[in-house]
Amino acid sequence: MHIGLIGLGKMGNNMRARLRKGDIEVTGYDPNPAVSDVASLADLAAALPAPRVVWVMVPSGAITTSVITELSAVLSEGDLVIEGGNSRFTEDFKHSALLAEKGINYVDAGVSGGVWGLENGYGLMVGGNAADVERAMPIFDALRPEGPRAEGFVHTGEIGAGHYAKMVHNGIEYALMQAWAEGYELLDSRKDIIKDVTGTFEAWQRGTVVRSWLLELLVKALKEDPEFKEIEGYVEDSGEGRWTVEEALNNAVPVPTISAAIFARFVSRQGDSPSMKAVAALRNQFGGHSVRKAD
Amino acid sequence: MHIGLIGLGKMGNNMRARLRKGDIEVTGYDPNPAVSDVASLADLAAALPAPRVVWVMVPSGAITTSVITELSAVLSEGDLVIEGGNSRFTEDFKHSALLAEKGINYVDAGVSGGVWGLENGYGLMVGGNAADVERAMPIFDALRPEGPRAEGFVHTGEIGAGHYAKMVHNGIEYALMQAWAEGYELLDSRKDIIKDVTGTFEAWQRGTVVRSWLLELLVKALKEDPEFKEIEGYVEDSGEGRWTVEEALNNAVPVPTISAAIFARFVSRQGDSPSMKAVAALRNQFGGHSVRKAD
Amino acid sequence: MHIGLIGLGKMGNNMRARLRKGDIEVTGYDPNPAVSDVASLADLAAALPAPRVVWVMVPSGAITTSVITELSAVLSEGDLVIEGGNSRFTEDFKHSALLAEKGINYVDAGVSGGVWGLENGYGLMVGGNAADVERAMPIFDALRPEGPRAEGFVHTGEIGAGHYAKMVHNGIEYALMQAWAEGYELLDSRKDIIKDVTGTFEAWQRGTVVRSWLLELLVKALKEDPEFKEIEGYVEDSGEGRWTVEEALNNAVPVPTISAAIFARFVSRQGDSPSMKAVAALRNQFGGHSVRKAD
Amino acid sequence: MHIGLIGLGKMGNNMRARLRKGDIEVTGYDPNPAVSDVASLADLAAALPAPRVVWVMVPSGAITTSVITELSAVLSEGDLVIEGGNSRFTEDFKHSALLAEKGINYVDAGVSGGVWGLENGYGLMVGGNAADVERAMPIFDALRPEGPRAEGFVHTGEIGAGHYAKMVHNGIEYALMQAWAEGYELLDSRKDIIKDVTGTFEAWQRGTVVRSWLLELLVKALKEDPEFKEIEGYVEDSGEGRWTVEEALNNAVPVPTISAAIFARFVSRQGDSPSMKAVAALRNQFGGHSVRKAD
């Protein structure tokens, strides 16, 4: 099989390597000529056997929309686009409709695995019609982890379902990370009795209810930097956690832990909190409680 | 009526003034001779007509227990102690039992009003038996705000009920303050369209569903220091918010807003968050996301 | 002054009455002929003196957009539309642009007060340019509560600012209500010591930090139905609470109490919770804990 | 090695079996003669070689205290008691002091693994002095999972540290479960696009960031009962989640996800919510919103 891959950043580059290892021929395109196999999207289209399969792996939002739009011009009826970026699932409805005007097929793919995917394989959730998904199966098989297909790949539903599932996956991930973080702070807060925080997490890796990959990563991180002395408690968030809460609001789903995880990140990035200034001011007003003067 | 008042700090001193304005004769005792009317608790007991009524207004915890214990030695059968500090209601069970051994009666009183109480009167919630509460009514009438008694005073139940009600009052107060604070930050975050944050809060003081004294205080604070430039977002908490959540846990009552308000205060006091260090470390492990180096 | 008022439902009808009481001449239009003063929007336009002022008070969303679109056809350059419904502030950008094409001016107004507005007046937050707001001031003065203008009215900023402020107002309101509700449940959960729940709330109406209109309403409701025996704990939500959280997400503002209040409403409407089914299933899997069989 | 084991319920019975498989001689005692090896605690003491080692595995609270008290009478100086139940760590301070009066040594052990422990081994966290822990190491090695000792066992600190670590472990577990549950509800809420909820979770088992044992259990549960049709969303909580939040309050640690998980369980057990009755009543008061009549 010979496919095109657009976007050769940290993720795309690793995926190209894993695909090639899995005997998929890959022609990659990236605006950066240092990593690109061809000079343009038109060249990419020309280099691929028809009907073509093109995997798009670029930043979500305007860039993805722009690439999809350009592809609608250089691809032909019967070609298949797989959109594997971190797009919001609602974008898939627009992108697939745009390509459908030209008779170009569309599958959306949620991809999990981060920097470990090259070695471990990528967890895949895809949306689209059965024929398109079947057609791309050799690609999915090359990307997904070893082991039973059903444990690393799912055709989860209609167009948009792959990105929806990935969004929920990331929402859960936010809450799982926050849960671990609260546990860390609880152990860390009682150093008078807990003498080995890292060792405690390490001992949970076998036999316990909480054993998991995030726990293993936490142990690894603590061994590299016990007490996180080198790290600031400042945490970015990508779009998917926010989208998860927005979808929860749209569908009246209560998500107290996922939202708490996101709010904790927001707070972590504030030099001083406007909210807590207001609370301090109120306490001062009614109770005469002293406030700390800002510098 | 002539009563004793123990504890002449910020609250006790104001209460003595208001009681005297209400024609209650007050002999005050405080370890600080500069404000005390008598030299010792024994002198206080000697100065009061039997059966005595003594109001205790000292910091909750060990100091209150110590004062109650000393009073059990200097008071006599038939005397009445009113414990008006911010004690946990579970303390009332111990304190009343200790005094009951000597035949001394006990009423617990939750007191709201802060520094405004001298002028506006104090909201009062009391627990104890009907006869004891009735006996102390002239004191409550002097302390409570003008207007119908039922709108500023309640005999809310058995011993402990006054402090339980006050604890819940403060738990609610924490959540109300946090709600206002979140609203402030939301207005403050969109200065591109909201040109008058202070004026917006000011305009809610009449006719709206949210009108309240805390809103008035927020307007007052914003007028004194628009955008809270002089205030740091650092907020202490006294015991009562924590006790409220503990009681909620004991009684299986969900309190998501009250607990959120307390946790926000905890975070406000952290230089750097151990939790968020852990989240940052995890993100770095699985996604190669860069972290901020601590200084 | 003579204005048009579109939408004569529960809110619009009361507002017409209050405006007339305030010596504003009002021609009302509603699709329901039983309450309408004129037969059509065209008739409404014909009935008003130029340059016209028209207040739109219809359900937010498609209906408001439809009315604005129709108005752009029947109004003329220099007329002024005041959009007073519960619209999302982002709609104002579209609606004002649509009318601007015809030279029609636009002010958005957030209106608080509910069924009490007729009697107490309506809290008003408006967005738009200064000249338009000034022109409509007699209307605002008729609608707003008695007392200083600044305590019941604000020109809060640019177009959209009125609805943004109203959205935040409602978000705060959600959290305030939840705070009171948690306090109610805490008092209600300890009937062994709290003998007078209604009386406790009643006693907080004067002198306390938490005194507010919502507290007064809670007392009123409890007097009508002590222990809420006649009421089911099922709570709808209108759009504004959700929008508040969405805007918080857009602007990285942590809103733990507002979101908790909304999630509590979502849960209140679920016959059985999918989330808690999943938790019960997990406990059963790892701990052999028994589960309750669904009927 | 020959030890005593007190408590042969679901956990204790399995542990006896695993210990014997690991070549530890075990004399078990239980009030239920059908499972007990001896007739009384005195007989147990008589059956063990001195200095004795006795593992206590009974329900936390009064029963554990009672067993410890009885043991202080039948054991001798130099014996060792390992308290492996789900006790609050603060109990360890009392229990160890009680036994220390007789010169009896004490180790507390947090034990994770539930019904799977017999087969997979138990994750162990222990507190106590190094000599006592070393002495009991053959027992820990028999109980813990296969693999490196450090991945299934930790000597985490002083007396109480084992139970503190287990408490935090369970607190984290609560939040992890709730995170999975929210994700389940989010997938379940969009069946219009997600056609294979079970398959989606199944596909996350390899390669993804969220892979974990709880995920595997969720997949297992969904395969047994897709959509959880047989299960009611009613979830008990044992003490440890509540203790975790109480300790968080004691140490000013923010735990928004752990507390949210516990509150969700509280709500799941309420037929009708007092809180939400109050919110419904308030909405009715100010907005005339209709309420649902309770049956």
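For clarity, chains are labelled A, B, C and D in written order, and residue numbers in each chain start from 1.
Please note the rule applied: a residue touches a chain if its C-beta (ideal position, glycine included) is under 8 Å from a C-beta of that chain, and two chains touch if they have at least 3 such contacts.
The shown structure was predicted, so the numbers you read here are calculated from the model rather than taken from an experiment.
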In terms of CA centroids, furthest away from chain B sits chain A
Which whole number of Å gives the spacing of the CA centres of chain A and chain B? 47
Between chain B and chain D, what is the separation of their C-alpha centroids in Å? 37
The distance between the C-alpha centres of chain A and chain D, rounded to whole Å, is 33
For chain C, what residues touch not just one other chain but two or more? 114, 178, 180, 182, 185, 189, 209, 213-214, 252-256, 260, 263-264, 267, 275, 286
Based on the touch definition given at the start, go ahead and assign the chain network to line, ring, star, complete or other. complete
Contact set on chain A toward chain D in their complex: 89, 112-114, 117, 120-125, 127, 144-147, 150-158, 160-161, 164-165, 168-169, 171-173, 175-176, 178-180, 182-183, 185-187, 189-190, 192-196, 199-200, 202-215, 244, 247-248, 251-258, 260-261, 263-264
Residues on chain C engaged by chain A in the complex (per definition of touch): 209, 242, 245-246, 249-250, 252-256, 259-260, 262-264, 266-267, 269, 275, 286
Contacts from chain B onto chain A in the complex sit at residues 10, 114-116, 177-178, 180-182, 184-185, 188-189, 213-214, 217-218, 220-222, 225, 228-236, 256, 264-265, 267-268, 272-289, 291-294
